[in-house]
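Notes follow the structure.
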Amino acid sequence: MLTKVIVDAKVIGQKMLSQDVRQIDFLAPEIARQALPGQFVNVQTSTHTAPLLRRPLGVANVDPEKGVLTLIYRIIGEATHILADACTGDRISIIGPLGHGFDLQAKKPLLIGGGLGLAPLVYLAKNFCPNPVEILMGGRTKKELFWMDIFEDLCEAIHITTDDGSLGAEGTVLALLPELLQKGGYDCIYVCGPEPMMKAVVEVAAKFEVPCQISLEKYMACGLGACLSCSCGGVHKRLKVCTDGPVFWAQEVKEW
Amino acid sequence: MVKALYDNRLAVDIAGLKMKTPVTTASGTFGFGLEFQDFLDLEKVGAVTVKGTTLEPRAGNKGQRAVETPSGMLNCVGLENPGSDYFIEHTLPELKKIDVPVIVNIAGSTPEEYGELAKKLDIEGVHAIEINISCPNVKHGGIAFGTCPESAAEVVRAVKANTGKPVITKLSPNVTDIVEMALAAQEAGTDALSLINTLIGMKIDIDRRKPVLGNVMGGLSGPAVRPVAVRMVYQVAQKVNVPIIGMGGIMNAEDAIEFFLAGASAVAVGTANFCDPRLAETICQGMLSYLDRHEFKNIQEIIGLALPK
Amino acid sequence: MVKALYDNRLAVDIAGLKMKTPVTTASGTFGFGLEFQDFLDLEKVGAVTVKGTTLEPRAGNKGQRAVETPSGMLNCVGLENPGSDYFIEHTLPELKKIDVPVIVNIAGSTPEEYGELAKKLDIEGVHAIEINISCPNVKHGGIAFGTCPESAAEVVRAVKANTGKPVITKLSPNVTDIVEMALAAQEAGTDALSLINTLIGMKIDIDRRKPVLGNVMGGLSGPAVRPVAVRMVYQVAQKVNVPIIGMGGIMNAEDAIEFFLAGASAVAVGTANFCDPRLAETICQGMLSYLDRHEFKNIQEIIGLALPK
Amino acid sequence: MLTKVIVDAKVIGQKMLSQDVRQIDFLAPEIARQALPGQFVNVQTSTHTAPLLRRPLGVANVDPEKGVLTLIYRIIGEATHILADACTGDRISIIGPLGHGFDLQAKKPLLIGGGLGLAPLVYLAKNFCPNPVEILMGGRTKKELFWMDIFEDLCEAIHITTDDGSLGAEGTVLALLPELLQKGGYDCIYVCGPEPMMKAVVEVAAKFEVPCQISLEKYMACGLGACLSCSCGGVHKRLKVCTDGPVFWAQEVKEW
């Protein structure tokens, strides 16, 4: 069984992916060796009382041999601003791996992501390699699609949409999805992104009868299944996003 | 062995509830304890206080349920729990395998409901009942039991009449006079008091121009509220003769000691469990160092030392 | 020119008190305003609310008077002030030289004292009276006026009977039902409300094993209390029809906007003056950006937008 | 007239004086040019809400030409721990100069200090140079007396006491004070240190009829004379330590 650990992880590098998105690498062998695609960690950015709570961030990649844990995050508020100031050598308390990850049985998967939802899909894509993986990603403008560089080596095909048409097809992922599902022969969809995107994808997937896994994001206080901040309605039972998820089969979740 | 480890210096007896260490966990912040087993040895926690339990299962509030605030957090989980039957059938047997006292926090909408719940839980494996009186009293227009001395007393009597376990009444801080509430609970027969529950607060999302929490208002907890909590324990300890479990913003051993000096006989770690899931166990080391440094024989010796002579 | 600077978009009228910007300073955190002139232009502050003034000079509390707490602070200054005569003779003339409305915060031990003070201050240069009712009522065993609706109303009536200035009643948050207090003040004739004053809290020095503050307990202020303050403004705004000045932990424009959305018509910067003495002036820039970003014509348009429809 | 300013001062260096005492240098020309011995500054160590308040630290030295402000502080709690982590190049908000400093009229001054009370005496001693200055300093053990190196170039004579006798005379400064006052012909005493030390010195000084200036320390929330956290009883009036002081003539203060 997996064990959750709490470690003082050493920052070993930080990289600017775009103006407000960073990749941070930690030396955290206990987590790197165990974490599965779709799981997350809970990061403490301050040893003072403000910010107080840990922040959940998806596992964007691991190198189990070197013990490296990679996270990709958007600088958005207090905690992520502090994280962006972390220097190589700093120690940051991380709890993980948390939650349960993606079901990895697919033979011909289609990954769909938008925004920072693409972060966990990196590790997922890597996990499918060398089997062919396709990804459909949506962004606002081509500036957001630095993700292309990341997925280039991991995916056989990258399908792109942008709201303004500055790269790929114009519109949301829905502009390409029906066509892809019609022709692609995918046996599973993995989607992670903003709620409206996921809801729309789930609907289309259902129409095409392709099984679909979704990765939910809810405000989390504990990440351990203890506080019920993150619960949502499942079929005949309540679900906790932090422990029963964040990854669910679309049909498991009734109310999100 | 725990005994050897702590030398008995931290052992306390809260109205018959024997705890190896004076640290329990605040209800709702520690799940059923089992969630924390990767991080600590539950047998080294003084007692596990579980999430608020109601007669029937409850789904809790819709929408966002938690949000951080300066040195604190708001929550409106709203008593989501699988109900008492599920707890007794599924959770309690797991807890029984562990050598740690279990305090069950109970909530209801009428005094009768509290009584019925107390009776159901008057079983082996349950070591004490903690009454959460910060719940709306459906008979009195939804005003919380915990803000009216008579309603609070009614609940305490209903519970006492239905259980042989030590009964702990958990006070709400959202009152003008906390001492009045404490005395009402004491007169109604409570064996101990715990305080404080959360302060009522809210946060507004200025971009959406709506309350952040699904339930509009929520309970404020964490270090932000500690000064209020210490003050209330200090006030209550001077007027009651039942033991007090102090809580509210405890982040480390030093914070815990503040509560003992203010008159608490035990403490509970709440929100801090989210920051450091090991705290309910590790905090004891710091308390022992404090006892050593100041040459106290045991934790008993420091209870109430900051109270007026 | 202030008018040009702010385009009048931030102007508010609180029961006849015209403010160029909706930002005043919380009593006791801004001295008499003059102390901040190295840092800001007082004429760009909506109004200066001065330190609590009493009939006679007071020396305040002994011992340590302030201490930091998580995201907040406790103070037990205890109404030290040079008295109303000194204020009128020495301070007011200085303030009159500046084109900014002055709100005088008053405190007393009996309703009569409040009345007398109001009469003395019914003079040119004083633009409004703010009644601090968080003071012990000597006739009623020292229970604060602000925790009893009848006592509060009595004070408000005494003040109203003795002044022609707009009267603002400042509510204490240490009550079970803030709405009840607000309604009592409104019925007694207050022209506006301000809230919140400080929450009662304390801190214990674990090495000395004594309360840190000379007065044992003190008032908790700062961002830690903001969720409680926003909640109370939100509750009161739904029930009263007098304007509200919101305060409690405002650190920046975003925090201020929360109060407007909750129903405040103006705000006061308190503890944050100690962190950034320019804030009472500079906060307005952030509010203007917010209005621009969300395409509101003026601050009036956002008052109460987060309230239930 | 002096103007108080608020500046984002750049850290230009930090030096370890002992295990828990640091010297930090800032580029803060507006403050360095104005500050007088005995004044202090109010330092904000966090841009988050905890720690919330600024922390008062005495001006230990300035170089008005280079615009350098030097502080010496003991790492004791939250804020000073953060300060100790500050790196060269970091910006820290400082308000100053605050309070009113020492009266500098003495012809033959005796400086007396203990603990971090010695910090403001550095700038004071420098100010008297090249006139001869003597200092009497008390410490617990010789480890605390790294101050000697600092005062060596500034003082004509350094008198030392340690509680354990490991350096200089054994005991507190009182062990040497009467003798010094008898022989020294000082026309003014300047004392800054723990309250009991200052009270004892004031008593002895009164006996020998040497005028005495004391530098008080009170918990301060604003440092601007606005909050009255720091007030104390003077003769016929209340005094604010942050604006009327921190330096007072001993006879001005009745209750501290």
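Residue numbering begins at 1 within each chain, and the chains themselves are lettered A, B, C and D in the order written.
Throughout what follows, a residue touches a chain if its C-beta (ideal position, glycine included) is under 8 Å from a C-beta of that chain, and two chains touch if they have at least 3 such contacts.
Note that the coordinates shown come from a computational prediction; the quantities given were computed from them, not determined experimentally.
Novice: Chains in contact with chain A and with chain B: which ones?
Specialist: Both chain A and chain B are touched by C, D, going by the contact rule given at the top.
Novice: Mind checking the centre-to-centre distance between chain A and chain D? Centres are C-alpha means, answer in whole Å.
Specialist: Whole-Å distance between the two chain centres: 54.
Novice: Calculate how many whole Å lie between the centre of chain C and the centre of chain D, each centre taken as the average of the chain's C-alpha atoms.
Specialist: 36
Novice: Averaging over Cα atoms per chain, report the distance between chain A and chain C in Å.
Specialist: Here chain A and chain C have centroids separated by 46 Å.
Novice: List, in ascending order, every residue of chain A touching at least 2 other chains.
Specialist: 49-51
Novice: Multi-chain contacts in chain B: which residues touch at least two other chains?
Specialist: Expected reply: 70-72, 222-224.
Novice: Sort the chain contact graph into one of these: line, ring, star, complete or other.
Specialist: complete
Novice: Quick check: in the complex, which residue numbers of chain D touch chain C?
Specialist: 3-6, 44, 49-54, 95, 218-231, 233, 238, 243
Novice: Under the definition above, what is the set of chain C residues touching chain B in their complex?
Specialist: 69-72, 74, 147, 174-177, 199-204, 206-207, 209-211, 216-217, 220, 222-228, 230-231, 234, 249, 254, 257-258, 261-262, 290, 294, 302, 305-306
Novice: Of all residues in chain C, which touch chain D in the complex?
Specialist: Answer in residue numbers: 28-31, 35-36, 38-39, 51, 59-60, 64-68, 70-73, 75, 77, 80, 82, 222-224, 251, 271, 273-278.
Novice: Which part of chain C faces chain A closely enough to touch in the complex?
Specialist: 70-71, 223
Novice: Where on chain A does chain D make contact in their complex?
Specialist: 46, 48-51, 78
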